[in-house]
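The chains carry the letters A, B and C, assigned in the order they are written, with residues numbered from 1 in each.
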Amino acid sequence: MNRLTLSVVALVVAVLPFAPLFLNTYQVDVLNSIGLYALLALSLNLILGEAGLFDMGHAAFYAMGAYTAAILNTHYQIPILWTLPLSGLAAGAFALLVARPVIHLRGDYLMIVTIGVGEIVRIALVNDVFGITGGANGIFGISRPKLFGWVIRRPEEFFYLIWGFVALTIFLFLRLKQSRFGRALNYLREDEVAAEGSGIDTDAYKLAAFGLGAAWAGMAGTLFAAKMTIISPESFSFWESVMLFMIVILGGAGSVLGVLLAAFLVIGLPELFRELAGARMLVFGLVMMVMMVVRPQGLWPAQTPRISLAALTGARKP
Amino acid sequence: MPASGISPISPIHSASPLVEEFLQQLTNGLAVGGIYALIALGYTMVYGVLKLINFAHGDLFTYGAYLGLTLLTSLALTDRLGFALGVLVLVLMVMGLVAVLGAILERAAYRPLRESPRLSAVVSALGASIFLQNTLMLIYGARFQVYPDDILPTATLNVLGLYVPLMRVLIVLASVGMMVALYLFIQKTRIGAAIRAAAIDQGAARLMGIDVNRVILLVFLLGPALGGVAGLMVGLYYGQVNFTMGWVYGMKAFTAAILGGIGNIPGAMVGGLLLGVIEALGAAYVSIAWKDAIAFVVLILILIVRPTGLLGERVADKI
Amino acid sequence: METLVADGMSPARVPTEGMSLLVLRDLTKRFGGLTAVNAVSFAVEEGSVVGLIGPNGAGKTTVFNLITGHYRPDHGQILFDDRPLAGLRTHRIIARGIARTFQNIRLFQRLTAIENVLAGCHYRMRSGIVGGMLRLPAQRREEREALDRALQELEFVGLQSQAAVLAKNLAYGDQRRLEIARALATQPRLLILDEPAGGMNEQETEALIGLIAQIRARGVTILLIEHDMRLVMRACEKLVVLEYGGKIAEGTPDQIRRDPRVIEAYLGAGDDD
């Protein structure tokens, strides 16, 4: 990273925590939306960007988390934030279950399956599967989250909850990226045959990528349910999955900073040009086509090399 | 309702309403299946030659439906030429226009990415799909568009004692006819042989003097032409169309192509008809609410059990 | 315990002189109507360098792909260290002690050289998702050790100065050597090289012959496919010749050079330098 981008990043990091002080409620709410999409896109980035698995049904895992949280909260009165790990587990387990039989499928076939899974989940939610999802109307009356006795109600309060979680996610994911696990996902993306031929259990890592990415999306679902207090199937449509896919690709697959930037652009920009809202998707479609020709690596591609020379020489010393 | 044209003296009807109902669902399934099959041909041909899922193909189908509506109403074809000739002219115009759209799509979205990684082409295809869909939305609006019902024939036809809507019979006949014509074209002509050669090995085909770019262009003319007609059929059959319908129909047609064996033209026909029937019967006898999930379940099952499809052959991966 | 089937081998598996590390027995693989490998049998002695040669399309790479589990044999047996490999997935076979390179270089192109070699260290490491996220002391130590090992392997093939260079930016010969380093990082007992000199110039090939000798000196057994006859004749002590999927000859380079069937099938076309 050069000095200019570094100082821009530093500035954003320094200013963002104070955003609720100088932005109005609506603007803070937009930032909250961006935060949620950033979380979801970061979770998809593990699957799509790091492991190179075409997941275009990510909204299904998001939905699993949101519904798990909503059902546990409204039926069993479990405080919404306590459901966070459970939603993560539910979404992750669901991902493992559906991915297991199809994990060996090649690129675009896997993508078609994930689209199918996303649609089946949405249709199941609309049809009030098991009588617990509330059908097309969804679930309402989800209670407000409480943190250390403080009830989170206003967008300014949610801002800290959501962006706190985003910050934690960035911290953990950046570390994961530079670990044995993160590297294994990259090997998978670069060349599956060579990865398997270097002793890496590629099927296990593909599943792990799906499980972890889905679990994180599930936790984002909990935050979404807490923020909205009402959820319905239309929040988890195919276009939601497409939007997330787009954020990861536009930002730069495998690039944490790129994905964050793209979340700001894709979710934030349309809010600035509201009079053109109708043409929003048209522009996105066009941008996707042009980007693939002009800049397929994304706006802000992953930084390389990730293991610095200093670390290399450091390793040789006892 | 399909059952409205049935006279009480129909022998099958008086014999058993259950059989009657079943046969109605079956013919309905065949008509919808014929439409799926026509769209599936476009997916399967492009996949055969480029190994690319043309995500925007479903939207070209939608363009067929919208262009058909606009031409039908603005030119008043059926008023001037009569129903049969009017629809025939309409079909040819829609085929031509959507074929041109297909060729433009290939030029704009896929040709620049011929040498790029798979992901790039997939993303571009998706972008093209979103772009095409939203262009329609901006032109026509987001609401359902309705085909004028005074133009559509409401007659029913007596097929061996079963009263079937005329449109349904026409759709089945026309789609099967076009599929057979395409199959013969691919199998019996020199150009068809070139397409087959390019599908097997592009490099070798090029060495044999085949202009692969022209083959690809041809595939992007033929597939969308058939897909466009399928869109027109949906408009004429159901009477209303929507700018997002291409994605649902597209996914189902793609399922049909996989079901039959992707890259395989008879496979697309078999898969389309089969999926149409499965879906119609599933909706009638299992659950109408889950109708749209049936195709996806079929898709996932076939990919787990037999990813090469019913008629596909297994090919070893080169390492 | 697996049954021990190797010829006249004591169950205790005492490492004796000339013990067979790899035994192929009656190996057959068909693709549709084509028999790519037809009842091929041969053995690779521990500590030796064996060359698998034959004209293009003779089934050499298929034999490699069968050994490393990329394909399943239709018939026959593969014994590694007296234990059958059949049915194991590739990464399990690698963990048994076999490593390979690929005919068309398969590096992780957009990763650095050192990251490529670290792939070979992977299966001996432990840390998972939680360890990676929390970066605990045990994980950091493991990471340091792996990095150290990977650097050693880079140094071994002479690429230490290129550690931070992306694989795709390396020269062709360097890419081949990087693949060898990655394979060696798995600490194999048997190294399988698929046309290691492919695309190399004379100088690079000369260096490769030296590298093969060095690998052998580390106690690693080598099985290689190569078209460059000078390399094969100098580096290998035993050659196995395939034609149309079947074995037509086996012996020392000198024997093979004089074998009339081999000359007819393979060397006859004027490759007689």
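Assorted remarks:
Methods note: a residue touches a chain if its C-beta (ideal position, glycine included) is under 8 Å from a C-beta of that chain, and two chains touch if they have at least 3 such contacts.
Computed from a prediction, not measured in an experiment: that's the story for all the values here.
Remark: the per-chain Cα centre closest to the mean position of all protein Cα atoms belongs to A. Of all chains, C has its CA centroid at the greatest distance from the CA centroid of chain A.
If you average the Cα atoms of chain A and of chain C, the two centres end up 41 Å apart. In terms of their C-alpha centroids, the spacing between chain A and chain B amounts to 34 Å.
Averaged C-alpha coordinates give centres for chain B and chain C that are 49 Å from one another.
Shared contact sites, meaning residues of chain C that touch two or more other chains, fall at 70, 102.
For chain B, the set of residues that touch two or more other chains comprises 319.
Shown for chain A are the residues that touch two or more other chains, namely 193. Against chain A, the residues of chain B that register as touching in their complex are 52-53, 108-109, 112-113, 116-124, 126-135, 137-138, 247, 251, 254, 258, 287, 289-290, 292-293, 296-297, 299-300, 303-304, 307, 319.
Across the complex, chain C is touched by residues 172-173, 175-176, 178-184, 186-187, 190-191, 193-203, 208, 212, 304-309, 311-312, 315-316 of chain A. Interface residues of chain A, counted against chain B in their complex, comprise 52, 54, 101-102, 105, 107-109, 111-113, 115-117, 119-120, 123-124, 126-127, 193, 238, 242, 245, 249, 253, 278-279, 281-282, 284-289, 291-293, 296.
On the chain C side of its complex with chain A, the touching residues are 68, 70, 89-91, 94-95, 99-100, 102, 106-112, 114-115, 118-120, 122-123, 125, 127-129, 131-135, 139, 142-144, 146-148, 151, 163-166, 182-183, 186.
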